[in-house]
Structures are given as structure tokens and as C-alpha cells.
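The following blocks contain the structures, represented as C-alpha cells.
Here chain A shows up in two complexes: once beside chain B, once beside chain C.
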Partner chain A sequence: MSTQPGIEKQRVKVKHKVARRNNIEGWILMLPMVIVLYLMIWRPTVMGAIWSTFRMKGYTPHEFIGLRNYIEVVKDTQFLPTLWNTVMYVFWSLVVGYLPPVILAIMINEMVHFKNGFKIVLYLPQIVPGVAALLMWYYIYYPDSSGLLNFFLAKFGIDPYIWLNDGRFTILYIVISMTWSGFAGTMVLYYAAVQSISSELYEAAIIDGAGMLKRVRYVTIPQLSGVLLLTFVRQIISVFQVVEQPLVMTGGGPNGASTSLGYQLYKYGFVNGRAGHAMALGVIIFFILITLTVLYMRLNKKVEENY
Partner chain B sequence: MNRFSTKQAGIISPSDLKTMKGKIAYWSVFAFLLFTCIFTLFPAIWVLLSGFKDSQEIYSGFSLFPRDMSLEHMMTCIVDSWKTLELGRSMINTVIMSMGSLCLTLIVCGIGGYVLSKMKPRGTNFVLQLVLWTMMMPGQLRTVPLYISWLSFPFVANFPFEVSLINTYWPIWLSSAANAFEVLLFKHYFDSIPMSYVEAAKLDGCGNLSIFFRIMMPLSKPIVIYVSIMSLTYAWSNFFIPYLVLQDKELQITPVRIYLLGQSSEIKMNVRFMGIIFASVVPFLIFAFFQKHIIGGVSIGGVKG
Partner chain C sequence: MKNSVTKKHQRMVAFILVCIISLSMCTSCGIKGTVAEKDGKTVISVGSWPQKSGPSLEKIERQKAEFEADNPDVIIQPDSWTFDLKTFYPKAEAGLLPTLYYTFFTELAQVINAEYAADITAVLNKRGYKDKFNPKIMDLISRDNKVFAFPYSAYVLGLAYNTELFRQAGLMEADGTPKQPKTWNELAEFAQKIKQATGKAGFVFPTANNVGGWIFTCLAWSFGVKFIDKNAEGKWIATFNSPECVEALQFIKDLRWKYDVLPANTLIDGNEYYKLYATGNAGMLIAAGDVGKKCAPYEMPVDHIGIMALPAGPARHVTLMGGGVYLIANNATEKQKDAAVRWIEKRGYGYELTEDAKQTIENNIKEELEKGYIIGIKSMSVWAEDTEIEKYKNAMIEKYANSNMNHVRLYNEFVQNRNVEVQPEEPVCAQDLYGVLDNCIQEVLLNENADCARLIENACNDFQVNYLDNLDY
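This part shows the complex of A and B:
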């Protein structure tokens, strides 16, 4: 009996030792992940915020100048138009691209013929690599008679139209190409949600005498409302960061009509050699997006609570 | 028509399909989908066909189809464009780049997920929170500071050793490994594997690394396949970072190469179209092989952090 406390003590000791070894080994194994996340995400984010208050000589921070970079970025005559352009990207992408994925997902789910075929064919645009798709659309919109759209106009005897060079609608045209390459991913997401709507709900609606349109209105849409809301916010966040599209298709033109904040940042940072301005603009974009992201997280929590 | 019997109650229900109105609704939806498919595919088909036209044909624009559709002509078109575009080197580069990204992502994110799910050392919750927040970080602020750090890795100045990562694949590999979303995917999947597997393996004298490679990875095939497909297809459409980092022509990857070729005026129109096709071939092959996993895999991807 007298040895009992000793054994107990030893057991606790061994347990502690095992736990400590587990801790050390765990951290060693986790280290690559932590280092990579630190070097690639956390550190550049913090450094970007710090260096945005410095005057940069090439890519080396030179002297602290407070908020002067920010003032210069905001005072730039192009700043407000660019911000407006970015909002227009988001606006048009919601007008053009928000509904098609849901509608198509719902429709495909109703089919008993070629269901998989439709899914596969409609997914194909998603597979075309980003730049290839952008170049493709660049040629579709080509302003002389070799472009696909002008080819059709010519068939109807209409003169070639300048498409992307028409500054009033450049953003709309770019958004159409973005929608083409991106809708399938969202569609598949919706499809999973549509599929999980229980058919009992529909049966109940039928017994209550609801017609097809009423079934959409009172069963399908309410069941999808969570996903619809989340996709809405997610789309805003992702389109707000558009860079590659103006870079590849228009170079921000004509006359800056399709320059987005992201593309402006790229130009500051890598074309005009004004890294400080790029980072100041980065911080501004960061705050806009983090606000939207927090909103997204809040909605996400609410949506998850409801289901 | 017999297929209608397999239809479940939905917006269009089996009882509707017996009425005229229901049939019309069903077939008009069908027609709409068919039309959308054609409409969606049309641009891609146009590019494919234009690749086989000569540039004069492209400009005169009388017909959608190339004049000469013989196999011989098509082969010469393909071979000629391949020679002018010199895509061979960039294709190999893209394979190297995508394989590196894939291996690094699987190892770094996978082991990270394993530690967070099964070992849970002290501070796990804190790291998990950080990883979650990492996923939410907007990316654009990072581009310039990252570029600066790649110029003289790992720190800007006054460090005992510094290496320029420009003109290496490391920036691309490292940034694809820094993927918080995939860490969480792995963690959630590993959570569903019972702890008893790990304990049994430990009793048999397995270390944590061999548990990860010999037990966890084989048991998590769906997620490994999903992450592999995602990072491979991403590598083939990755543009921005490679465009900034790989300035040496010998290291260029396919998407960047066809973008730069599109800007030079010496390349003929049909060759440019061919370039677009060449750049899409490998992603299409990946899709053809893993079609089920890609379209069905979203339920895994839909796991929320």
C-alpha cells in the first residue's frame, strides 16, 4: 500500500514526458506548414503595411514618410475612376453572372435525359486554363473582321464593331468572358445544394396543389437561400480582386476604362516602379476586402445556424 | 420515354409529366439546356476550327469551317504551329512546376493537417485560428512585398545568406504550398478517421511520419485525389506569379508563353489559335481521366472550415 503514491507519481511523470514528446514532435512536423504560411502570407501582409509608409528606392525601403504614399495614391486623378471601374466589374458580374449558375443547376437536376452529359459539357469552359480562355475571348472580340462576333455581324451585313475598344462597355465585355470561364464551378456547387433538397418537400407542395412555378418559389428558392447569399458575397469579394483579365485582354484600356484597383496596383508595383504606392493601394484594397470578408463570415455563421 | 419513370418528385414531378403542360415544360427546359451547351461550346469550337485555317481564310471569314479538312492538312497545321511556337520546353517546364507544387502541397498541407487533427500538440487551437484567418486574408497587398522578398530570400537585407528566387520555381511552389484551405480540408478528413488506427500503429512501433505516409494517406484517397487534381489544374492555369518571376525564356511555362506569343506580331493568326489549343490539352486530359472526381468532388470541397 505504501508504494501506491509512488507509482501514481511515476505514472504522472511518464504521462507528462509522453505529452511533452508529442508536443515537441508535433511542432517539428508542423513547422514546414507554419514557416510557409509565415513567409508567404503573414509576413508579406505585415511588411506591406509597414513599407507602405516608406519611400521606396526601387524595391528597397528608403525613408519613413508617414502617410504620403496614401495621399498620393488617393489624390491621383485615376484613383476614383479606377475605384468606380472596380465597382462596375462587381456590378456587371452580378448582373451577368450571378443567376445563370443557379438556374442551370436547378434545370439539370430536373432532367432525366443526358443529365451527366449536360453537366460535363457545361463544365468544359472551366477547364480551359485562365490565360487561354482570356486570349480566346480576346480573339472573339477582335475589332477587325477576323473576330468571331464581327464575323457574325458581317453575315448580317453590319460593319465591324470595335468591341473591347468601346470604353463604355469594355468592362461588360470582359465580365461576359469571366462568366464564361467561371460559371461552371459555381454551378457544380449549387448542384450539390439542389440535389440535397428532399423530394418529400416537393411531394408535400404537390399535395397542397402548388404548380411548377409555385414549387420553385416556395420550395427551391427558400431551400437555396443560404447558398445564394454566400455565393453573392463570395462573388463580390473575388471579382473585386480582378487583375489578369484587364492585364491580358485590354491592358487596362481604352484610356483606362477597364483599369481595376488590382491592375492599378500591378502597374504601380511592376511597371511604373512605384512600389510604395502599390503597397499603399494594397492596404486600401485590404481594408475594403476585409470588411466584406467579415460580413461574409457573419452571414456564413448565420446560414450555418439555420441549417 | 421510359426514363420518365425514374424521375423523382421535383419542380417537375412524375405526375406533371403525364400532362401535356408538364411535357412541354420538361422538353423546353431540355431544349434550353441543349441550346446553352451549344452556345457555351461554340467559342471553343470556333478556336479549334480556326487553328486549321490559314490566315487568309481567317480574315476573309466566309465560313466557320476550314477549307481543307483533310487529315493531312490538319497534321501539317499541328506540326508547323508546334515548331513555330516552340512549346516543348515550356510544356516540360509546366510539368516540372506542377509536379513540384503538387508534392510540396501534399506534404506540407497534409502533414500540417495530420498534426492539427491527430497529434494536437500544445497551441493547436491557436494555430488553427491563425490558419482560418490566413484563408480570409486578401491577397493583393502581398504581391509587392512577396516579390521584394523573392529578390533576396528570405529577408530583405542584412541577413547572413540571401538567395534570389527570381527565375526559380520556388516562389510558385512555396506559394501553392501556403494553402490554408487545403490544410483545413486535410484536417477535416483526418478527423473522420478513428484515432484507434493511429494508436494501433503506434503500438506496433510506427513513428508519426510513417503513420502519415503509410496509414493516413492511403485511407484518405478521395481527398488526396481531390487536392491533386485541384493543384494540377491550378498549375496549368497559373499565370500571375510565373509571369512576374520566370523572366528567363528557358524557364517559361505554357500559359505565360502563349500570352507573350500573342503579343508578338510575327506569329500568324492560326498559329495563335493553335497555341490556345495546345495550352488546353493537358488540363482536358486531366479532366477526362478524373471527370467523376472533379464534378463529384465538390461535396468534399464544400467542407467548411
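This part shows the complex of A and C:
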């Protein structure tokens, strides 16, 4: 009887020793990634937030000025128009770009013939290098008769249209080009998710007399809801940071109509030499995105609880 | 039990994080700064070192060998980095700038204000450069009587034109001399003639990525606009909400809606600007003497490139000055500064016309010929007085000219006879000003009903509130 607690103690000791060894091995395995994350993500993020409260000389913090950079960024007469533009980028990207990858993934899943060929064709835009795709779209939208779209309009006797120069719709046209370049990657995600849906569910639906649309409505969509939510949040986050498209295609114009917060940040940091303002705006964007994400997650939780 | 395990975990995470932080701090400490001395010799790294094998690399390697033989106390370390605002700040902050690098007048104020350029007053005085530089350039390269840069080239804006389109529009003399528009209105009329005769845009004006604002400031000066001024308390005030500036913007608007001489595209950045001209789709544009270099990627025949004087405005005949400068990294020692200036002289950019300088000038021209650039366009001198080196340079340009000199004669006279006022960029927030003006230009070119007075009023207010009010100096 007296040896029992001793054995138990010994056993616990061995268990801890193994756990500790596993722990250390785990940390060693993770260490390279942790170092990279620290150097490339965590440290710059934290330092950016700290330095955003300093007056910068180049990239050197010079004098602590509290929230002055934030006040100057928010007081900038272009801040609200730029914020609105960014919201419009997100809005149009959800309207134009959110559903096509889902629809295409479902279509491919339902296809019987030429499935692989169709997949390859649809994936081609994804492999066009980013800036090359933007320049291609720049010339597609070119506002004189040498632009591809105007070339087709001319075939129907229609005068050339100014496309990206039309400030009312510049963001929409940019979003169309973004969707073309990016939809294939999302489509693959959806396709993988569609493929993982149990065929028994479809068989049961067919037995119950469900047609293709009903199968999509009652089987596919509910099964994809997790991925749909994920891509929805991802899309908001990535489109909110749009920089390259206005940089390459419009320079933020016409008259600031396509300047996004991300592009404004780029201009602060790399064109106008205002690193403090750039970092303050970065932190503002960070908090806007965190707030949006948390709000959406909570909203979604409530919606799910109701069903 | 569970508590103690959690505490152990916390301790371990904290320990690892402390290790990472220390490690990264040590790493960043380690990379800060470059080697200033080796084996008792002064080491200087020199930026923009050519990478491709060819005449440029061979020439600079030969000069390096000669320099190191003549100056046994110095070691030259090649560095391929070339100035670019996107990479400049991180390199400067990490202390990894080459000891000697170059940039342009447009970026100079940012670099000096950020304190990344070394004060080289002492070494310049020691080597005899006191009062040698052109006073207009001195204003740009110095602060509080301290000199921060060594200018090596200077230019002014002129009016570039396509000789072939000019010929078709009947705007060329038989000997290849173009007719010179004397005023902005004459320029608009010339542009109309080009459009009528060729169907191409008569004139192109940039509008995006701050290039439009940059060119517009020069045009507006000629209308009598003063963009900024210091008030009695020493605060910078935006002063361009004036009838003159409205008139200048109205001229740009008229180019679209009255004369209809501009290209269809309204979002024209620097690349698009030169492309339209170089591909024969625009008859004229405001450009500097390096227009040939800008057009070379589009293989514009050198015979089609011409440049002349900038037209005068209603108030002034004025042009904008630009150019290139050598800078020395802010962490350089006195010995490095001295060695760097000696290297600049070896490269042929010093005040004296040495054999090295002669060789460099001739080789540079030969290289430009090989690259297909136009030879014949002269530049402004960086020196206060006429120098032997400048005379030699101009003689070499004439010797190797590869197109009809009459195509560029009016510009050469414009640059060298000094009858025109030469003005540097606005001293503070120049890039911010250009961005604000870009928006005005885009609006008047896209909206026939745009109100120029209201646009200028808003732009002036935006510039004051967003930029000048935030200045610390």
C-alpha cells in the first residue's frame, strides 16, 4: 500500500518529462517560423504602432508627439473621401467578385464532360503576374480607340468611352480587373470544399426529388457556409488594403476618385516622405479591419444561433 | 498541478520571446553601419555601380584601379544600389546606404530634411569648392550655410517637339529649325495645327503621380503665381488662391475644351507622358534636356526628337531647374567624405578640367551614342562661372552630335544665354503640392463645367490644412 503513491509520483514524473521533451521538440520545430513571424510581422506591427506616436525624420523616431500623427491623418481633407472610396472597393468587390467563384466551383462540380479542361482555362488568369495583369487591363480600358473595349465598341459604331477616366465608375472597373485576376484562387478553395461534401447527402436529396437548384440550395450552400464566411471576411480584409491597382492603373485618379486608404498610406510612406503619417494610417486601417471582423463574427454567431 | 504546468508554459514562452527579441536586437545592431576602415585604409562604398558587363563596367573598374593606385589610403567598394525612394528609407535607417550615392533635385529636400545626407561643407572648402557652385543650386543643396550635396548635372525645362509632326504641320524651317511658340496661346495654336495636319494630339500634359503638378508649377509661375510664402511669424502659407493661378488652370482646361489638342487619356503619369510623345502620338510636351533618354525605350528615332525654349507666360518668362546630386551617407567619417569627393573628381565631375574629366566626358557621350540617345542637347552648368570643363563638354556634344543641331539649337540657346529666369522647386512640401495640383488638372480635363476658381480655392485650402499647417520647420 505504501509503495502505491510512490509509483504514482514516479509515473507523473515520467509523464511530465515526456511532455516537457515533446514541448521542447515542438518549440524547436516551430522556432524558425516563430522567428520569421516575429521579424516580418509582429515586430514591424508593434514598432509601427509605437512609432506612429513619434515625429519621424525619415524612418527614425525623433520626438514623442502622442496622437498628433493620428489627428493630422484624420483631419486631412482627403481622409473621409479616401475612406469612402475604400468602402466602395469592398462594396463592389462583394457585389462583383464574391459570388462568381462559388458559382463556377459548383458549375465545375456538376459538369460531366471537359471538367479538367474547363478548370485549367478558368485558372489561367491566376498565373498571370499581378502587375502584368493590371497593365493588360489598363490597355483593355484605354480611353481612345486603341483600347480593346473601345475597339469592340467601334465595331458597333459606338464612340470611344473613357472607362477608368470616368470617376463615377473607376472603382467598379478596377474591381472587375481584380476579380478577373483573383477569382480562380478562391474558386479552387470552394471547389475543394464542394468536393468534400458527402455524396450521400446528394443521393438523399435526389431520392427526395430535389433538382440541381434545390440540391445547391439545401445541400451545397449549407455545407459551404464555413468557407463562404471565411472568404467573405478574407475578401473584406484584402480589398480594404488595395494598393497596387490604383497605383498602376490610375495613380489614384481621376481627381482622387480611386485613391484607397492603402494607396494613401503608400503615398505617405514612399512618395511624400511622411513615415509617421503612414504608420498612423496603418494603425487606423488595422483597427477598422479588426472592428469589422469582430462585428461580422458576432453578427454571424447570432444568425447561426437563430437557426 | 495544472497551475504549475501553465506557469511553466508561460515562463517558457516568455523565455523564448526574450531570446528572440534579444537576438533580433543584436542582429539589427550588428548590421547597423558600414565598415569605414580596413587595414588602416579608408573604405568607401559607391552606389549605382554597373552590374552588366560592358563598357560602363569596364570603364568604372579601370577608374577604380587607377584611383586606388593614386590614392593608396582608399579602398572603393562597389554597391549596385541606385537611389529609389521606396528602398531608400529602409536602407538609410538600417545604416546600409553606400557612402556615396546620387539622387535628383526633386528628392533632395526630403533626404536632407530626414538628416540622411552628411554635412560636407568642410571637405568641399578644403578641396577648393567654396563659392564655386551656381548660387541657384547652392540654395537647394544647403541649409543654414551647411552644404549637403555635390551637384553633378543641372537642366531646365523646355518645350520638346516631334520634328516629323512639326514638319507635317508646316512648323519647320527648311534647315530644321522649328518655329518657336513665344506664348502659351501660341503653343495652343501650334498644337491645333499639328492636330489638324496629322490627327495626333498637338500637345500632351501630365496629370498623375505628381508629374502634372510638377510641370504645372512651372507654367503657373509664368502667369505670376506664387505658391507659398512665409508670413511675419515665419509660418509657411499657401498663397496660390489667386486670379493668376485660376488663369493658369483655365489655360489647361482650354487645351481640352477650347482647343481640343490633348490625347483622349486623362490619367497620364510620367511613363505614359513620354510614351505618347516618343511613339509619335503627341506633337509637343514640356520636358527637360534628358528627353532623349526618356524616349530611348520606345526607340524614337533621334531625328524626330527636338527641343526648344519654353514659351513665356503673361507675367514672366521662367523655367524650372532640375538635376542630379551626389550625396554622402550621414554615417560617413571625415576621411570617408574626403575620399568620396576625391572619387567624384576622378569620375570627372569636379571643377577642374583634368585628363580624367576629359576622358569621362567623352566616354559618357560615346556610351549614350551606343544606347541610341540623342546627342546635341546641352545642359545648364552647375558652376557659378563659365568653366573649362563646361566648354569642353559642349565641344564634345557638338563633335558627336547625331542629329540635326537645328532641332535643338533653340533649347541650347535658351539654356545658355540665361535670358530666362530659372527657378528651383518650391522649398517645402513640393511633392504634396504636386499631388494637390494633379487633382485640379484631372478635374478640369474631365469636367467641362469645372469651376477653376473653386478648384484652386479648395486646393489652396487643402494644401494649407493638410501639409503646411503640419510643418515643424
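The rule we apply is simple: the second predicted complex is superposed on the first by the 254 of 307 C-alpha atoms of A that agree within 3 Å, B and C clash if a C-alpha of one lies under 4 Å from a C-alpha of the other, contacts with A are read in each partner's own complex, and residues count from 1 in each chain.
We take it that a contact is a pair of C-beta atoms (placed from the backbone, for glycine too) under 8 Å apart; a residue touches a chain by one contact, two chains touch by 3 or more.
Nothing here was measured: the structure is a model prediction, and the numbers come from that model.
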For the three-chain model obtained by superposing on chain A, do chain B and chain C clash or fit? clash
Just checking: does A:Val271 make contact with chain B only, chain C only, both, or neither of them? Give me first, second, both or neither. second
Just chain B (first), just chain C (second), both, or neither: which does A:Pro246 touch? neither
So, A:Gly130: does it touch chain B (first), chain C (second), both, or neither? first
Once the shared chain is lined up, is A:Thr60 touching chain B (first), chain C (second), both, or neither of them? both
Chain B versus chain C as contact partner of A:Gly182, first or second or both or neither: neither
In the overlaid three-chain picture, which partner chain does A:Arg215 touch, first (chain B) or second (chain C), both, or neither? first
Using the superposition described at the top, determine whether chain B or chain C touches more residues of chain A. B
Which holds for A:Gly97: it touches chain B only (first), chain C only (second), both, or neither? neither
So, does A:Arg43 touch the first partner chain B, the second partner chain C, both, or neither? both
If you stack the two complexes on chain A, which partner ends up touching A:Glu72: first (chain B), second (chain C), both, or neither? second
Just name the clashing stretch of chain C against chain B, choosing from 253-261, 271-279 or 343-351. 271-279
Touching both chain B and chain C, residues of chain A: 23, 27, 34, 39, 43, 59-60, 144, 269-270, 275
Residue ranges of chain A touching chain C (in the complex, touch as defined): 16, 23, 27, 31, 34-35, 38-39, 43, 55, 57-60, 72, 75-78, 142-144, 160, 162, 164-165, 167, 250-256, 267, 269-273, 275
Can you name the residues of chain A that touch chain B in the complex? 22-27, 29-30, 32-34, 36-37, 39-45, 47-49, 51, 59-61, 104, 106-114, 118-125, 127-132, 135-140, 144-146, 148, 150-151, 154, 180, 188-189, 191-192, 199-200, 202-203, 206, 212, 215-216, 219-220, 237, 241, 243-244, 248, 261-262, 265-266, 269-270, 275, 278-279, 282-283, 285-286, 289-290, 293, 297, 300, 304
Inside the complex, what are the residues of chain B that reach chain A? 3-4, 6-13, 15-16, 22, 25-26, 29-30, 32-33, 36-37, 40-41, 43-44, 46-47, 50, 58-61, 107-109, 111-112, 114-116, 119-124, 127, 130-131, 134, 136-149, 151, 154, 156-157, 174-175, 177-178, 180, 183, 208-209, 233, 236-237, 239-240, 244, 254-256, 258-259, 262, 269, 272-273, 275-276, 279-280, 283-284, 286-287, 291, 294-295, 298-299, 302, 304
Which bits of chain C are touching chain A when the two form their complex? 5, 9, 12, 16, 20-21, 23-24, 85-86, 89-90, 92-93, 110, 113-116, 207-210, 263-267, 269, 431-432, 435, 438-440, 442-443, 446, 461-462, 465-466, 470, 472
